[in-house]
Amino acid sequence: MSQPIYAIVAEFGDPDDLLVAAEKVYAEGYRKVEAYSPFPVHGVAEALGNDCSKTRWTCFLSGVAGGLGGYQLAPDDTRSV
Amino acid sequence: MRRFNFLNYTDHTEEPYAVTMLARNPNVTMRARGVMEKCTYCVQRISAARIEAKKEGRPIKDGEVVSACQQACPTKSITFGDMNDPKSEIAKVKKQPQNYILLEELNTKPRTTYLTRLRNPNPKLGKES
Amino acid sequence: MSAREKLNDDLILGKHTFRTINDKVNNVVLNQNSHTIPWAVCFMVGFMLLQLMGLVILWLLYRGIGIWGVNNPSMWGWDIINFVWWIGIGHAGTLISAILLLLKQSWRNSINRFAEAMTLFAVACAGLFPLLHTGRPYMAYWMFPYPNVLAMTPNFRSPLLWDVFAISTYATVSAVFWFLGLIPDLASLRDKSKNPIFKGIFGALAMGWRGAASHWQRYESAYIMLAGLSTPLVLSVHSIVSFDFAVANLPGWHVTLFPPYFVAGAVYAGFAMVLTLAIPVRAWYNMKDFITMRHIDWMAKVMLATGLIVFYGYLCEGFFSWYSGNVFEIDMMRFRMFGPYGWAYWMLILCNGIVPQFLWFPKIRTNLVALFIICQFVSLGMWLERFVIITVSLTRDFLPSSWGYFTPTIYDIGMFVGTVGQFTFLMFGFLRVLPMINNFEMKELLYRMTGRGHHHGHTAHALEPDLAGHTAGDGEEH
Amino acid sequence: MAQIFHPRANILAKFSLILLATGPLLLLLIGTGVSRASYNTKVGMVADQPVPFSHEHHVSELGIDCRYCHSNVENSAHATVPPTETCMSCHSQIWTNSPLLEPVRQSYKTNTPIKWAQVNKVPEFVYFNHSIHIKRGLNCNICHGSVQQMQLASKGKAFFMVWCLNCHRNPEKFVNDPDKVFSIYEKGLKGTDHEYADLLPEERDILNSGEHTRTPEELAKGEAWVKKFGIKKKQLADCWICHR
């Protein structure tokens, strides 16, 4: 054990294996884990403990801001002419 | 009726352009291309009369504003005035039974209305002229 | 995750693995020898027509739009016809990518990239026309409510202003949607490209995509939300375009039928254009495995369905004008059928009503030559539809004193042909620099089609040895 | 695989994303700034005139009324630039040898008008009438700035449409006693014992800069004037009032 271990990489032949492994690794208590795939494998991110609530909230708030901004563009017809 | 200026009908590249513009009508803008053209009921004449009346602190008199078409019409077929004033000439003319509105059924509410031709459909009462 | 849906196994044909899909899609972009002579001819012709349009526009800016055939009864002329035609064509892309995504139609995966690009380029062509038609295009920014020293805001009661907002929103959302879908594929191109310059360009555009699980999660969340945003747009844009007509008082325009009938027509024209492009391109680039006969068959069916809606619209228009008892409406219909533009009306009925009926036959749906010809009829028919609506109503309005006739000039033709050139140029340019088929979605589709446990013969063996070598990403590993 | 980008590129990427979001806003801000800057509006920019005429000297020091030169301001749309004869009515007697006045004498001799550079100009599509504005008690300075303090004439206000509409939408903020339009200049004469004496705060502000925000009492007076003049407020901001 002359060299410290910085990280471990594993390759999987099938997305399903990746998913199983992800669940196991997370259950073992590992948190600094990431899974890479060339296409979305559903469930892997959730298995690794990620959630995309941030994206949802950002989108929602941006939408609300955009909507309010849009209404601001409309002229105020009640203005004293 | 609307007209759109599809081209520059006044040549802005000509040297005495400003002179041409002033000569044709000093009180109205010469419309460039890309602008709609409509009858303004001679708004320059209305404005002139309105400002004179305001300076003297009185309402515009009936017949004070004469539109260009009215002025030019040799048979005095055109009347122009304030429709809101019941004593004005135009209000009287509009009350006549011959008065009709073009395409009234479309509810476009035009200001310009017409008087129908008077006809005599009964030959016993004399020949139609 | 075990809920892998049952998929048609003929969405991808041939013996494909993740690697072969990846190579095939990327090869078109990375290997410039993959382009064929027909590609070069189309690209060159498109480029030349684009130059022609540039000349026409220059002359137009100098002289004014009076060089077109527009005149005082027929103020809209070819210009707005072309605008509505192009914007209609632009509808298929977003329909395929957004609505079909939400409806979980897996067959959209191989045609969505292509159709979205088509949408963008069609909208680019469409946008030119109203911009130039304003007569003073350099004042076009007046249509946006920016804080100005004139204390003026645009008139929000005008449907022409709704157009400005509908189309600029549509163009923006479509572009964002398209680019978002491109990011993982750009990363794949970055990883596969040998040329350091292209590597840099693709890399910058991929914005550090590594294909990590968290990336995919955010990507999918954002993508589905954009699809949700685009879905109402698909329906709203052409509805609003139809308001340009329906809100006016003119006989033949003042119809509540217009919004649904225009939207159906847009999807109809859009699918015709997708097929027009897909049929030759899949042959030239040998993409028959990805854009299969099943895709073509389904697109033809969509065309048939929307074509029937459109035809129903024509019948309704005839019925409404008769049933209204309104003399203007009845006469307008009479002028449409038997007036000076009667030839256009009957051509329209032939192109949009009769010819698509051949699509009922499966044999014709799968006969590429016949289908291609039908698509040309549809495109022509949809153009004629706008021609009939705009020209007949404008030249035959309420007052016979203001009737007229419309004849296009060479500049009208130049503008139209020019936009066709611009579209071709952009489309074929796109084929060369970006992946025309959604690379990662095809891989995902293959994965879903060949799930472990229910292997489907010909693709089954492909999975195991291949996936590992193919993890997109040069990122750091943990 | 080698890295294509240095980790520093992340900053660049983030910056370009921020720029993408804020860029249009920045562009709008810059455009707004430029269009309102005096570079564009020419406010306070002295034009090159054939004679360095000083309004300050003639009005504030000598006490010549505006109407002596701009003689039609009360009666016509145009205030009118005076003919050479008006200048010569004094300058045939005083400063007859001044080299600065050579163009005036030349103009008089050769009977050709002096080519003054126009300082205050409304856009071509606007038809402004001076007489009605004077009759509504609007002091010259409200539109032209404090001309009586200018050594060399320059534009006092940017003639933006939003600025015109500020009054045309709410005339009570500006209309006043028409009899006092010119008399306040007399009270502001330099070197006299009544310099700025017995001026109302509003009049003092107008003399100094042309800018004044009315107090509620002054506004009430303004409303009274609006009523007295019979101004139709709804009509006053219509397009055709100024555009033809």
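Should a chain be cited, it is by its letter among A, B, C and D, assigned in written order, with residues numbered from 1 in that chain.
The criterion applied here is as follows: a residue touches a chain if its C-beta (ideal position, glycine included) is under 8 Å from a C-beta of that chain, and two chains touch if they have at least 3 such contacts.
Here the structure is a predicted model, which is why all the values come from computation and not from measurement.
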Most contacts overall join chains A-C
Using only protein Cα atoms, the chain sitting most centrally is C
Which integer distance in Å separates the CA centroid of subunit A from that of subunit B? 69
Quick check: how many Å separate the C-alpha centres of subunit C and subunit D? 54
Taking each chain's mean CA coordinate, subunit A and subunit C are separated, in whole Å, by 31
As a quick test, compute the distance in whole Å between the mean CA positions of subunit B and subunit C. 49
The residues of subunit A that touch subunit C in their complex are 7-9, 11-16, 19, 22, 32-46, 48, 50-52, 55-56, 59, 73-75
Given the complex with subunit B, which residues does subunit C contribute to the contact? 63-68, 70-72, 75, 134-136, 139, 249, 398-399, 402
Which stretch or stretches of subunit C touch subunit A in the complex? 1, 18, 22, 145, 153, 156, 184, 188, 210-214, 216-222, 225, 440-441, 443-444, 447, 451-452, 463-468, 470-473, 475, 477-478
Which subunit D residues qualify as touching subunit C in the complex? 1-5, 10, 13, 28, 32, 35-36, 158, 160-163, 165
Would you tell me which residues of subunit C are touching subunit D in their complex? 146-152, 190-191, 196, 199-200, 203-204, 207-208, 474
